[in-house]
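Each structure below appears as structure tokens.
One chain, chain A, links the two complexes that follow: it is found with chain B in the first and with chain C in the second.
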Partner chain A sequence: YVPVKGDHVIGIVTAKSGDIFKVDVGGSEPASLSYLAFEGATKRNRPNVQVGDLIYGQFVVANKDMEPEMVCIDSCGRACGMGVIGQDGLLFKVTLGLIRRLLAPDCEILQEVGKLYPLEIVFGMNGRIWVKAKTIQQTLILANILEACEHMTADQRKQIFSRLAES
Partner chain B sequence: MAAERKTKLSKNLLRMKFMQRGLDSETKKQLEEEEKKIISEEHWYLDLPELKEKESFIIEEQSFLLCEDLLYGRMSFRGFNPEVEKLMLQMNAKNKAEEVEEETVELDVSDEEMARRYETLVGTIGKKFAKKRDRANYEEDENGDIKPIKTRKMFLKPQD
Partner chain C sequence: RKRMRAGAPPPGSSRGNLGNGVHISEALPVITSASFSSGLGTGAVMAPPVRYCIPGERLCNLEEGSPGSGTYTRHGYIFSSLAGCLIKSSENGALPVISVMRETESQLLPDVGAIVTCKVSSINSRFAKVHILYVGSTPLKNSFRGTIRKEDVRATEKDKVVEIYKSFRPGDIVLAKVISLGDAQSNYLLTTAENELGVVVAHSESGVQMVPISWCEMQCPKTHTKEFRKVARVQPEFLQT
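Take a look at the complex of A and B:
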């Protein structure tokens, strides 16, 4: 993955040094994330981020000459859904092309998936998807479907969805 | 009879800022370029032919977000996470340039009641700041609202 400015990605916090966190985004370098780049963070009021946490943020600086920097806040200072991703759930990797296909405005896969059962998904443009459903089984099913969507045709997909809907 | 010769202004005068405010931006640019061309001997320059900057019609864009009009990355289905669902509506509505319908704030207190409360409030607070003499002037209305009397005792100049 090549970091691009403005892209929303899922990163894993690998280290905490002084005022910044080192976040692995799947690129050639770990991105840096300042602890002030969260909504409502001040010097006294530090965000609750530990090593190993999942972070959903966007790149503020990302070019080939510098280390990428990310933030969990938008230009107005609001979080807009970014920040630490909550407990439980499963993170897995897919290809970048699949993410772009899934996030396209007219994506059938997502609509069908959404009808199955209550769930939450976070897509990172760096090829990482985090899913969460009520039971572990459902979460795993979801992960498997999304991974397999890469190679299936539309018909095969519909078969699988109908089988799932029955069970 | 009036002299029809234009007064010749010196170049330095024309270069002053107040003389240039009237000029168009184009003429200004041209003047600037001409000034840059006047190269003194101290400046080093390349002995190349003049190159004009062409307007480029090509924009480089590295992010896929704009090229393919992608949706927002955080999603929740069937009410698993209501905050994320609200976000989804907001962010995707921004993309489609639709107006967000969610901005209707539900009113707890109606406008009329608010106006009524304000009326009485003005009276009670005004009473607090009125001098002792004036406090007696505050009447009680039938509804129990306090209305201040606006007539004040002014100084009357004695008539000689």
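Take a look at the complex of A and C:
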């Protein structure tokens, strides 16, 4: 994955040094994330981020000459869904092309998955998806479906969804 | 340790206590070429004995010579500050000048206030690391490392956010001035905070050399894209068209 300015990605915190966190985003270098780049964070009020946490953020600096910098805040200072991703759930990797297909405006796959089970889902442009459903079995089913959508045709997909809806 | 000397022991090297408790003994080995060439045989012509010295070696008294390059004086004696050959230049009348030389030419070191030409090797959001290639107009045999901090890039609007990415890129040739000899990592501190300092030669993303348009922009003649750099205002007589 090549970091691009403005991309929203899911990163894993690998190190905490002083004022910045090092976040692995799947690129050639870990991105740096300042502890002030969260909503409502001040020097006294530090965000509760530990090594190993999942972070959903966007890049502010991403070019081929410097290490990328990301933030969990938009230009107005609001979180907009960014920040530390909550407990439980499953993080898995898919190809970059599938992510772009899933995030396209009219994506049938997403609508059908939404009808199956209630779920929370986060897409990172670096090929990472985080899913959470009510039970672990449902979560695993969703993860398998999304990974398989890469290679299935629309008909095969509809078959699988109808079979799941029945059972 | 074996002591090998060609002649009389150097004057002033008797045992003595310097004021601060440092005790210098005569046991510093002085290796001369006479000891190396002793096995050459009668046919070889012997070069005049060359004396090598190491940093910190006491050479002579201030009354017997005056210090030159590569030496320093302490407590009335001349000490060597480099590892190299000892050279005594006997002048008529005045005291001989004692200097220590490492190679045939002495290395030109960048001084504080000297204009240097350097090449950007890597950039960071806080500073840019450069290799110093030329001091003035003389090329250096070994390149030194330098740092240009974010605050030292521009003279005006220093408080405004200066982006290193919009001033330099890796591979640019930059004219800078030395402000300090730097810290323990031997990184000279440089500045480009003048109109005549800054990027002189830069290549665009397509690999073509760019033409400066203003003090903060350069344009690629092939793709006509503009890129941001902190451009140096070179005097017209130095420009070659």
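Going forward, the second predicted complex is superposed on the first by the 167 of 167 C-alpha atoms of A that agree within 3 Å, B and C clash if a C-alpha of one lies under 4 Å from a C-alpha of the other, contacts with A are read in each partner's own complex, and residues count from 1 in each chain.
Going forward, a contact is a pair of C-beta atoms (placed from the backbone, for glycine too) under 8 Å apart; a residue touches a chain by one contact, two chains touch by 3 or more.
As the structure is a computational prediction, the values presented were derived from the model and not from experiment.
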Practice item. Answer with first, second, both or neither: which of chain B and chain C does A:Val23 touch in the superposed model? Key: neither
Point to revise | First (chain B), second (chain C), both or neither touched by A:Pro118 | key: first
Exercise for review: In the overlay, work out which of chain B or chain C sits against more residues of chain A.
Suggested key: B
Practice item. For A:Asp65, select first, second, both or neither according to whether it touches chain B, chain C, the two together, or no partner. Key: second
Review point. Where does A:Val94 make contact in the superposed view: on chain B (first), on chain C (second), on both, or on neither?
Key: neither
Check your understanding: Is A:Ile55 touching the first partner chain B, the second partner chain C, both, or neither of them?
Key -> neither
Point to revise | chain B versus chain C as contact partner of A:Ala133, first or second or both or neither | key: first
Check your understanding: Where on chain A is chain B touching in the complex?
Key -> 4-8, 56, 80-81, 100, 103-105, 107, 110, 113-115, 117-125, 132-134
Revision key, fill the gap. Note: in the complex, chain B contacts chain A through residues 62-65, 68-81, 83-84, 87, 91
Check your understanding: Hey, which residues of chain A end up touching chain C in the complex?
Key -> 61, 63, 65-67, 69
Study note, to complete from the structure: Touching chain A in the complex, chain C uses residues 122-125, 164-165, 169-170
